[in-house]
Every structure is written in C-alpha cells, then in structure tokens.
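Common to both upcoming complexes is subunit A, partnered first by subunit B, then by subunit C.
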Partner chain A sequence: MIDNGLLVQMLIGALLGVSVYLPLAAGQLSLATPAFYAVGGTLAALLSTTWPALGAGADGSFPLASFLLELLLGGLLAGALALLVGRLVLRLQGIYLAIATIALVEIVRVAILNLPFTGGAIGIFGIPQPFPTAAGYLLPALGLLALAGWVCQRLEVMPLGRAMAAIRNDELAARCMGIDTTRVKLTAFVLSAVLAGSTGALAAHFLNTWNARQGSFDTAVTMLAFVILGGSRSWLGPVLGGLLLTALPELLRPVGDVRLVLFGLVILLGPSVFPQGLITPGLLERLGRLGERAEREPQT
Partner chain B sequence: MIETLLQTLLNGAASGGVYALVALGYTLVFSVLGVINFALGALFSLGGYLTYLLMGGAISANGGLPGWGLPFGLPFPLALLLAAALTGLASLGVERLAFTPLRRRNAEPLLVLITSLGAGLVLVNLLQMLMGAEGYAFPATALAGLPDAVVLGGARIRSVQVLLLAVCAAAVIALTLWLERSRSGRALKAVAEDATTARLLGINSDAMLRLAFLLSGALAGLGGGLIGVSISLPGPYVGIGYGLKGLAVLVLGGLGSVPGAIAGGLLMGLAEALVPGEASGWRDALAFAILFAVLLLRPTGLLGRRLVEKV
Partner chain C sequence: MTMPPLLEVQDLTCRFGGLVALDRVSFAVQPGEIFGLIGPNGAGKTTLFNLISGVTTPTAGSVLWRGAPITGLPPHRLNRLGLARTFQNLRLFDGLSVLENLLVALQRRPRSGALAGLLASPSHQQAERQRQETAWQLLEELGLSRLAEREAGTLAYGDRRRLEMARALATGPQVLLLDEPAAGLNPSEKDDLCQLIAALRQRHQLTVMIIEHHVPLLMRLCDRMAVLDFGVRIALGSPEQVRRDPKVIEAYLGSGSTQSGSGGAAP
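Now for the complex of A and B:
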C-alpha cells in the first residue's frame, strides 16, 4: 500500500511540517511555508526547463549536481524573500501575523498564476528527472530531513534555540532579559523559509509538473495540522504529523469520496483528543529516561 | 465615461456588500470569543448550495444522482432566507464540534484555529461528495419578474447586482439595529466587552455565544446564496475564496469592529472593481496586498481599537 512514491510524499510532508514548526518554536504562528515552498519549486521548475547549462537531457534526465544546486538555490531564494518580508511581518503578533502570512501565500499564488513565464494555470511541466524512479528521491528527501532534524536538535542547546524557547514562553520577559527578539524571530523565519524552498525544489522534480496550486491556503492548513497533531513542542512532532497525515488520504483511497471528509474529521477532532499532539513533552521525557536506563545497564 | 464609472462603482459596492457580510460573520464570533472561525468560508458554500437546492435546482453529484432534486421549489427570497437559517444551524454544529470541546478545557487558542479549519474541510468535502465537484448555475427563473437590468443615472446595472446590494444593506442595517437597540443585541455586546462581568449581570454568556455563531453562519449563508444567484456556484470551494477575502476585510476594518467590517467590505469591493480588465488576473491579489499594507501601517485596522498588551 505504501510505495516509494508515497514515501517521498510523506517525507516532503515531514519537511514542510518542520518548516512550520520552526517559527512556532519561537512563538510565531506563521503560515508562510506554502509561499516559500512555491517559490523554491517554481525556481527549480524554471531553471531546469529553461537553462540549458544545467544539462537537462533530451530524454528528460537531469544531472544530480544540478539537482543539488537547485535545492540550494531554491532554499537561498526563499530565505532571501523571508529576510525581506520577515522584517515587515514579524512586527505583528498572534492572529495578525497568521493572517499576514496567509496574505503572503495568496499574493505568491496569484503572482505565479499570472506572471508571463510561469505557465499560468497549467504551470510548468516536463520537469527533468535526476532519478529514473521515485525511489531515487528517497535519499535526498531523507538527507534534507536529517539535516533539518540535526539543526533543530542543535537548536535545543544553542543560545539561538534557547532564545526562541524564551520568546515562545514570554516575549516581553525575553526582551527584558536582553534577547534581541526581532533578530531571533527573523532567524527562525528565515530558517523555515530555506527549508521550505529546498523542499519545493525537490518536490518540483519529484512531481514532474509545478503550478500555482502547490502553494495555497489549503496547503497552509494541512501543514499547520501536521504540527498541531504531531505535537508542537519538539521537531519530532511535525515529522510524525507530516508522515502520518500525508499518508492518511492515500491510505483511505479505497473508501472513495469519503476519504477527504474523514481527513477533515481527523483535523476537526484530533486536537480535542490530543491537545498537545501525539508527541508530548511528557512522552519525550519518558523516552529520554528509557534511553538513559539503556545506557546505564550493560547489554546482556 | 461617468456612466461607466458609476456602473463600476455599483458593481464594486455589490461585491463589497458580500465581503462585508462575511467579515461581519467573523466579527460576531471574534468579538465574543477572540478567535477566528475559519469554517466560515465553508458555511458560505453551504448557504449557496442550500439556496440552490431549496429552489428546486437539480444536482447530479458527479453523475451519481442525475437530475435529482427536491420535489418542490421555493421562490428565491424564501429559499435564500431558509438557506441562511439552515446555515446558521450548521454554524451551531461547528461551534459544538470545533469550539466547545476545546473551550471546556481551556486549550490554546491556536487549536481552535485548526479545529475550525477541520470543520470547514469536512463541510466542503461533504458538499463535494453529496453534490459533486461540478458547478451549478441557478435556474433562469430564479429572478423571474425582475427586469434584466436597470438604468441608473445613465448607467446600466444588472438588476441582480442591485438586489445584492439591497439585501446586503438590509442585513447590515438589521444587524446594527439589533446590536444597538435590542436587549439581546446589547447583551451580546456586553459579553463581547467582558464575559465575566456580563455573567455577573445575569447574562447567559453561553447562549449569547451560540447566538453569535448562529447569526455569523446565517450571514455567511446569505452571502453564499447571493453570490450563487448573481454569478453561479463554480464548486464546493466557492466559499473558501470569499472566506479569505472576508478575512482581509476583517483586518482592514479592524478585528471586532462592526462599522469597520462594513466600511472595509465596501472599500475592498470598490478597489477590486477599479482594477482594469487587462489586469483582472491580479484582482485576487489586490485584497491581500491591501491587507498587507494595512497590517504594516496600522495593525489595528482602519476602525479597530488598540489592544493593550497585558503583562
């Protein structure tokens, strides 16, 4: 039931979940991830189909090095955009920030739909493939996720990550402690955008076609659901949420049209059942203690 | 020249009226609960489909139910009002499923955002499952008896646009009068101001909350029916776009402000109507560009109150 294609989709979901999680870890509810995802994907789709220097073959093949370069460029462009936009929107708080980022997503969507070179409603298709099968995408997707996880894990002990947690708990108190809250929030926002941009570049090749629908309000909702249902207190939460919720509609395919209703029900009722998400701080603590015990007790 | 401008402005005001209805729907719930009901766009769709069904419109549900329809057809005004009332009831259901469980356990407001979005997702996909993904145009007899267009000061306006404007204006005036003059309207405002004090004064704040949801859903349903008859129902997702525009209007006018929602709606409709035809593809971005500018220049909206940060 779960084939390689679905596995790659699930990993993309997990990556996007982490991208929504990063600003949230600094207490900022940003729904901008689909905008950055769309920007990264559009860049990769445009470059690989129009720039011959990247070496797209007539048979639809694509050199691995160019693919990796696009992941980098997609991330950089999204990050630069985030740096620009972040300075403006991060002055807003709570629901205002959420609405401003929804506005950003819609502006990017309409722009991609209407710009003369992005293929309009049909989009860009025939994006060349660096790998012959879907299985090939597993490795770069896993690599990106491992990198994102490593960064998040490092953040827990780095001053930046501690500052993010402090802002999340109490922004005013954090500022009084001398934390440059604007800079910390902006850094989290840019990190989130870089991850989303690279993921978009990967997804554009994987999906083979790219259009404005890839980054819409709907996707923003789904990505936020990854974080909320997975658990927003650790990066493992959005990873689990992204994997599960991306797989769910596909696994429900046999039940037919009801599947999206069921998916909606999960999002509707999930937070009442698991208000802290699936991965809670308590669960992590228990896992941590188990780990310690395993270290202390010699293997028999 | 003047005629064209007048025509454009009236068309803009008509769609602005619908934006105002949606924004008022958000405002009612926001002023009482301090959260945004993201299911409102889906309720808008529901209102449109219910109006269509109650008028005896046939559905095909992706070919599953070819030509099925209610055995009776109500005249448009009746169908519109009944559909709005039913949408209000559906909105109560949203409150019960998406808001009450979390409110009872004092959960983070962020969770309500997700659950209300989930409720909207369920509604839209139920509509898609039951009614199909195809679009429906209202029967031509919907507005039988009305002339095709009226001439106002030399400008030809589709009479359905005039109807739209009139119904929106009537709904907005009725709501404002109710809030200002009636006992229950004032009670709602009292709960919005301070729920604890309102409870001490003997106001049943839970009942007021349900009333806010009922009215909010009814306003969205009214908007859906009006858009259905004036344009068409392109699919179950029709309300999502209006829901998002309503959100932009809400911020434009100031969260929780009734006059702000009305003024913001009109302003947004007029601004969109003034976008020249060649750039019509960009029209949908205009609302959000305005929203962006307003958020940056005046985060409390045009007519909003400054929120004091509590330490």
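Now for the complex of A and C:
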C-alpha cells in the first residue's frame, strides 16, 4: 500500500514538520516554512531547466552532484531570505508573527505566479531527474532528515538550544539572564528556512513539475498540523506527525470520498485525545527507561 | 582620584502616561554593600529595578555603571556587564529542569561556539563540563542539589525562590538585584534567607540591592537603604538613620503618628 513515491512524500512531510518545529522550539509561531520551501523549489526548478552547466541530459537525466549542489543553494537562498525578513517579522510576537509569516507566504506565492521567468500558473515542468525511479529519492530525503534530526538532537545539549528553550518558557527572564533573544530567534528562523529551502529543492526534482501552488497558506496549515498532532516538545513529534499525516490521505484512498472526512477527524480528535501531541517528554522518558532495562537484562 | 560608585542612578524619572512612577530618584551604591530599598506598595521600587536592569527605558535621568552611562541598554547587555536580577513574581523557566535553568544562565561561562557544539568537539565538551560543575556547585550552595532533575514548575515555593537566586548568580554578576526575595516565606525561612544572602555576598564578592517589605529583615541585613514613597526618594542612609526619619514614619503610618513611635517602620 505504501510505495516508494509515498515514502518520499512522507519524508518530505517530516522535513517540513521539523522546519515548523525549529522556530516553535524558541517560542515563535512562524508559518513561513511554505515560503522558503517554494523559494528552494523554484530555484532548483529554474537552475536545472535553464542552466546547461549543471548538465541536464536531453533524456531528462541529471547529475547527482548538481542535484546536491541545488539542495545546498536552495537552503542558502532560503536562509538568506530568512535573515533579511526575520529581522523585521521577529519583532512581532505570538499570533502577530503568525499573521506576518502568512503574509510572507502569500507574497512569495504571488511573486512566483507573476514573475516573467517562473512559468506563471502552469509553472516549470520537465524538471530533470537525478534518479531513474522514486526509490532513488529515498536516500537523499532520509539523509536530509537525519541531518536535521542530528542538529535538533545536538541543540538540546548546546547553549543555543538551551537559549531557545528558555525563550520559549519566558522571554523576558531569558533576556535578563544575558541571552540575546533577537539573535537566538533569528538563528532558529534561519535554520528552519535552510531546511525548508533544501527540502523544496529535493521536492522540485521529485515532483518533476513546480508551480506557485506548492507553497500556499493551506500547506502552512497542514504543516502546523504535523507539529500539533506529533507534539512540539521534541523534534521527533513533527517527524511522526509529518509521516502520518502525509500517508493518511493515501492510505484512506480505498474508502473513497469519506477519506477527507476521516482525515479531518484525525486532525480534530488528535489534539483533544493527545493535547501535548503523540510524542511527549514523558513518553520519551518511559522509552528511555525501557531501553535501559533491555540493556541491563542480558547481564542478569 | 576617587573610584566612581559601582552603580549610580541620577535623577531617574519614569512616567507611564500621566502616572509618575519615579520622580528624579538619585543614589549611589558602593562596591560590596547591601543596599535596601523599601517603600509602601506602589512606591516605584520594582519600576526602579526594571529601569536599572533594562526591562523598562526611563523617561529621563541616567544609570551609571562605574561612572559610565548604561541607560537604555537592553537587558542582556546589562547582564553581561555584571548585573543580574530576580523577579518579584518568580519567572523561572518552568518547563526546564532545575539544572537546566542554571545551565541556561551559565551559557557564557565559559562560552562555546555553535559549530564546536554541533560536532561535540573537545573544546565544547570541556566548556560543558565546566558549566555543569559550576551549576552543581551553585545547587549545592543553595541547597537545591537533590532537586536538580525536577522540573522547575513543580518545585515548592521556597525552593523556587532559591532557584531564582541561583539562576541569577549563575550569570556571574557583580551586582545582584533581589526583588522581594522573602515574599511568601515563613519567619524561619526568612531568617535562613537573611543568612544566605549575607553568605553569598561574602563568597561571590557581590554588591546586593534588595527590595523587601519585611522591614526588620532589611534593618538587620543592609548597610544602607533608600526609602521611596510615591516615586520620590524620601530618605537615604544607614538603617538607624532611616528608622528615625520622621518622613519615613509618616509614609508608613500616616501623618500624626510620629509620637506613637513603634510600628512597621520603627520596630
């Protein structure tokens, strides 16, 4: 039921979930991820279809090195944009930041729709493929997710990650403890954008076509649902949420049109049954203890 | 040449709309002293702390640090200069453990780079060990080590008060601003706190500014104190001088009570 194509989509969902999670870990509700995703995707689509130096073949093939370079460039461009925009929007707090970032998503969407070189409503199609089948994308998507997870995991024992947690708990107290909160929030915002940009570059090749609809307000809400269902206290939450919620509409396909109702029910009931999300610190602790016991048992 | 005072406020004024919360308040705090700040509710004590720690920007006047102006600097810059504070209504990082609360405050003692942290390089691990060590020392010192792994939000009230002090100390301050550290404590806890503050001043070479409603405690603890009433500094001096000041007695007990003598301000 789950084929390789869906698996890649699920991994992309997980990556975008982590991208929404990063600013949230510093207490900032930003919905800008689709904008950066769109920027990365558009860059990759444009470069691979118009820049011959990258080596796109006439048969639609594409060198792996150029693909990886695009992941990097997509992340860098999105990160640079986040650096510029972040200085302005991160002055806002709470729901106002969310609104400003939704505006950013709309600006990027309308820009991509109307710019002379991004293909208008049809978008850019025939994006060359670095891999012959969908299975080829599994490895880079997993690699990107592993990288993101590793960064998130390291953050927990680093001053930067602790500062983010402190801001999430009490921003004023954090400032009074010597934390440059503007800088920490901006860093989290840029990290989130880099991840979304790279993910966009990967998705553009995987989907084969790219247009302005890829990053819209709807996607922002879906990505937020990843984090809300999965849990926002650990990076594993949005990963699980992204995997599940991307797979669900496809898995429910046999039940016909009722699937959209069921999907809506999951989003509605998930947070009421698991208010903290599926993955909570308490759950991780219990799992940790189970792991320790399993390690000890063979010796006794 | 004489040394400038460690911390000085000059004609500090703060208006909120039509309300004058502080009106041209001036005083200087000398290195190593415990400086008390008393006054009835709404006198402007916490506002003064907010101005000194950069949380609020003054309408007029200036704050000097070793003679240099620091007015209007953001809180994190002031903290890095050596100025730490606690909050009257406790602002701990409730979702983090007690130990993590201190590690947040210790993040520049010593500093370690982001790349070193990501790669878990030896320099990062060394810095991290040092931070952990300092954190445990402070926990030990304030009697919180058995609670190290507990979430700060689940702590008993007295422990939360001490954790606030530990967290402020963890930033390595020269001046510690304590906003009602004894509020809500019982008499025996208040005595312990008094000894603790005196001991901390010794061990950490601190200058302490303290707001407190419990006047007997302050009288015992402070070298000098200032009295605020409706945003105006009405007295300044040793506890003995302040206790006898008729203006202080009037502020606390109302006019006409100067003869009756004994009361909150004149125990």
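Basically, the second predicted complex is superposed on the first by the 293 of 300 C-alpha atoms of A that agree within 3 Å, B and C clash if a C-alpha of one lies under 4 Å from a C-alpha of the other, contacts with A are read in each partner's own complex, and residues count from 1 in each chain.
Simple rule for what comes next: a residue touches a chain if its C-beta (ideal position, glycine included) is under 8 Å from a C-beta of that chain, and two chains touch if they have at least 3 such contacts.
Predicted, not measured: the structure shown is a model, and the values here were computed from it.
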Fit or clash between subunit C and subunit B when superposed on subunit A: fit
Contacts of A:Ala166 with subunit B and subunit C, given as first, second, both or neither: second
First, second, both or neither for A:Ala98, with subunit B first and subunit C second: first
Broader residue contact with subunit A after superposition on the shared chain, subunit B or subunit C: B
First, second, both or neither for A:Ala134, with subunit B first and subunit C second: neither
Subunit B versus subunit C as contact partner of A:Leu251, first or second or both or neither: neither
First, second, both or neither for A:Leu142, with subunit B first and subunit C second: neither
Touched partner set for A:Ala80, first subunit B, second subunit C, both or neither: neither
Touched partner set for A:Leu269, first subunit B, second subunit C, both or neither: first
Touching partner for A:Val157 - first (subunit B), second (subunit C), both, neither: second
Partner chain(s) touched by A:Cys176 [first = subunit B, second = subunit C, both, neither]: second
Smallest distance from any CA atom of subunit C to any CA atom of subunit B, in Å, after fitting: 8
Intersection of subunit A interface sets (partners subunit B, subunit C): 172
Complex interface listing, subunit C residues touching subunit A: 53-55, 74-76, 79-80, 84-85, 87, 91-96, 100, 103-105, 107-108, 111-112, 114, 117-118, 120, 124, 128, 167-168, 170-171
Partner subunit B, residues of subunit A touching it in the complex: 29, 88-89, 91-92, 95-96, 98-100, 102-104, 106-107, 110-111, 113-114, 172, 217-218, 221, 224-225, 228-229, 257-258, 260-261, 263-272, 275
Subunit A - residues contacting subunit C, complex: 151, 154, 157-160, 162-163, 165-166, 168-170, 172-181
Contact set on subunit B toward subunit A in their complex: 35-36, 38, 97-98, 101-102, 105, 107-108, 110-111, 113-115, 117-126, 128-129, 240, 244, 247-248, 251, 255, 281-282, 284-285, 288-289, 291-292, 295-296, 299, 309, 311
